[in-house]
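Listed below are the structures to be examined.
In the two complexes that follow, chain A is the common piece, with chain B as its partner first and chain C second.
After this line comes the complex of A and B, so read on.
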């Protein structure tokens, strides 16, 4: 039987990957995926503990998390789509206008290449066409 | 034409008008300045169809059966069924004819009057909607549907009074009209609910009348012991029945009173009359259509329609008669000193509606159909001559660049001969001079009230004599104020500003033709109606209820001494007006400079009824709302201080820079915060 610690370490791994991704990447979609990853890490924790204690509450709660995550992803993707339409970019650092008045915006001078790389992430290709790396925006 | 074909007219007439409204509304951008063709065409077609219905119902010597057309049912909940039946009986046919015929000519007049107005198409769309609502109101056989159309008419009235929305006074007047009539309608809907509560879900007229009269007859039978009473037990039983009859009558009286609220609100009777003079802020053809000829008659129609209900409650009828006569007198007194021509006409409308209510109030089980006939006859003739008077006023306004103050008019009979004749005809009708229509219908009402007083056996007889006296006085006052308006407007020298008086001209053909047609109608309608005597015979069809059926015991012979005396009173009043205002107007204008008397002031300000309402209703509400505003602002201030608190703290601690709007920074903060929290908790646990 696989010990509980194994599950817990996988869950921690998932959560940490998600956390690091969320804090370092700049692509909104990636950020969103990272959040989902953290969520699944927590869900795995629930299931593991539930199994360990012979108690279904944790599994039921996991189902709840799935439902909430599904709703949340629908809303979040809609927001991302709208943000993209406005800014023509998926870079999160473009959206800082809710800061206190008078503060300078956080700029990404050092992570320039990261941004480029993020922007160069493969977009969904048209069917049958090999995904190429487009560098220009839009 | 066969009744089968005719019964289809019942839905075609409202449908045509609704069609015009919808097509103008949907083609608003395209139509612009040709929208009037839709309205004129549909109303004219409706007028033709209504005339055919009228001929069918009045033409046959034997009593024609009412035409019925069923559109299914509107709603069905449990035992409550609201059907969409349409029905035309003589009462409805007369109303339909009046609405559509007068409406047609007013639509034609409006086409010229509203020309070049930016809202031209909107005007005609609302006008069609109004005529649709009015047709629906008179066609339905159901109190609930009647209420729906009743409100529809109110909304159209609101839209048309406030047609020039950018005028503050017009917007205020529209709101006032809406709120005041709504106040009455609140009573109306309570009345409908009380009917539901007392008699079950019977909103169909005939069903309701039958049920009420049967229940009452049963109670009357119980209350009257058939065998000689010997024992105490029988005595108490009949006493109980008597008590039940009394409570039934009280209930019926309350129902009638609540329904009356609605009627008084719509028909601008005291104490709801204040909205009608203000409603003159709308375009003049609107005043002619809504606030003279058709909409305000809805209240009269309601009572006429519910005759079998009202006749069971003599107290309610006494209220109707008293309020009617009082309003007639009050409005005539106010009209005496008004200086705005349209306001004079508005108050005269209120006054004439008072006459109609007086006629309805004078009904009892014997005079029932005579009373409805007299009220409806006056309603029709009034629709003709009041529309005529208003359209003449509109023609004057169109020509004098909206100057309507009779102190600044004068001498218009040379510049506007046709308008002059039209106004004169209308004025003679209103004053009740033989052979113009107003004479016949007003005389009919006076005779009726006198007859009612004569054969009344109860202690109320003297009240009806009083009401008759007040009606005669009102007739004299009516002649006086309309003659004053006429002489000041059309006689003497022009008092218009120089730059306006040069341009005064007779109106275009579009405006003159309706004036001529309505003049002819106003002149001959009375003669025609009186000659045929149709209005007295045909209303027996209203009495399909067994227990309320009237017996025609009273021979209806003309009362010549009454005719001669009222005519004399009117002529004397006109002569007085001529010597005061017609002959020497220069002296009059000089006289205007002097201080007006107390009575004159009272009359000019409408007996300060508006001021009383302002003090009793508006002022307390204003005080309450101002107080609550102060309270609300106090709380708001406290909350605002609390809102400032975080700002102050943050500026003290210099943490504003943390709020940089960068999501990932927040993520890091959260992570750090949570970590610190967890570490702290662990340390706490370790310590414990």
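After this line comes the complex of A and C, so read on.
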């Protein structure tokens, strides 16, 4: 049998990685994905405890977590869309004006080096029959 | 005085250090990244050694352990890839990988309903919505924001310190190092398939060794900071329960020795299994609030729980109806609250995403 500690450790590591992402990344959408990742770790904890106690209370609690996570993502995505409409960027640092009064602004150090901008879209190979565009000769 | 059990856990310190280095090197950076193979190799090394550490005490490689290893490795790899991808769309896809393998772990924990719910709600609904928003806020290039990270080394170190503390507490609490070897011997004896084999493997010395260790732990002063870490953290209530069970087994074993019988052998074997698989977490002393519909009460000591052949507790049969019973008896109010919350969230998101001109 798998010891309870194994499940708990895996859940802890999932939570930790989510925490790292939440603290370091600046894209709002990635921040929310990291929160969901931490929630997955917590849910795994609950289910493991329920299994090793022989009841379903932990599973019921996990269902509640899912309900709250669904609400959270609905509201969060609405906010993200709203903020993107205003600021044209997903960078969380643009919304520092929402911080508590009296706190200094966080300034991320901008590196002086030239940043290589890579194409974000995948390059698909050409395939299929080329649609017959009307050319000038035709 | 250095607690000897802390020295025993030097592997966890090494693991934490390796984790900090591996994750830090994988985080996106604005410079051109070299040594890609080395950085990924470090991450694989970290995950592999993490897995090895979890199973220092396991007996043999079973299908269950293999499946557990596969699912958790894929989940952790997906998590690391989520954090380290510069492209948000790829992060969302990695999260799907995490969700699917975590639902595999749910299946191993005999929670098929939750597995289905996770796949439908997360992989089906939430991820698709995330991708949809990503498409709306489309970027044709990877922006500077996405390849730069805020205080990467500090954040990684702090998070991994949390990891170290949590994992150490988990190991002290649920498998105290002093009791591990005697419990292992008893677990092996409880796996015996026939009476002859059992008589061969098991003898009273194993119980006595365990009894000695338990009473050694019980006799230490818990308020003293040099007490064994387990006692220091968890107190002694569960040890009292455990030694009661040991005395019971000793009594029934002596009567079994004087008059061997099939029933006596089976009885002792199941008691040994309950002893070997008991978790040592702090017991809740308050009365459990849940009804029998939810399975074992949460204040039930783990060494009293009935267990199957391999030592895992018997769960309520028919997972879906068990959850339904529990939801509509013990957790009725929670359902109502969850429903209200979902309704409020629906209204809220509609209101928030309206444009100003539409509001007037």
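Going forward, the second predicted complex is superposed on the first by the 103 of 138 C-alpha atoms of A that agree within 3 Å, B and C clash if a C-alpha of one lies under 4 Å from a C-alpha of the other, contacts with A are read in each partner's own complex, and residues count from 1 in each chain.
As a working rule, a residue touches a chain if its C-beta (ideal position, glycine included) is under 8 Å from a C-beta of that chain, and two chains touch if they have at least 3 such contacts.
The structure displayed is predicted, hence computed values, not measured ones.
By the touch criterion stated above, A:97 is placed in contact with chain B alone, chain C being left untouched.
Of the two partner chains, chain C is the only one that A:68 touches; chain B does not reach it.
Contact with chain C, but none with chain B, is seen for A:21 once the two complexes are overlaid on the shared chain. Residue contacts after overlaying the shared chain place A:6 against chain C, while chain B stays out of touching range. Between chain B and chain C, more residues of chain A are touched by C.
For the contact definition in use here, the residues of chain A common to its chain B contact set and its chain C contact set are 19, 23-24, 93, 106.
Residues 1-10, 12-14, 16-21, 23-27, 29-30, 32-34, 36-37, 40, 43-44, 47-48, 50-57, 59-60, 62-64, 66-75, 77-82, 84, 89-91, 93, 106, 108, 110-111, 113, 115-121 of chain A are the ones that touch chain C when the two sit in their complex. Those residues of chain C lying in contact with chain A across their complex are 19, 23, 27, 30-32, 50, 53-55, 57-58, 64-65, 68, 72, 75-76, 79-80, 82-83, 86-89, 91-92, 95, 98-99, 102, 105-106, 108-111, 113-114, 117-118, 121-122, 125-126, 129-130, 133-134, 136-137, 139-152, 155-156, 158-160, 162-163, 166-167, 170-171, 174-175, 277, 279, 290, 294-298, 300, 302, 305-306, 310-316, 319, 322-323, 326-327, 330-331, 334, 338, 341-342, 344-346, 348-350, 352-353. Per the touch definition, chain B reaches chain A in the complex via residues 656-657, 659-665, 667-668, 671. Across the complex, chain A meets chain B through its residues 19, 22-24, 31, 92-93, 95-100, 103, 105-106.
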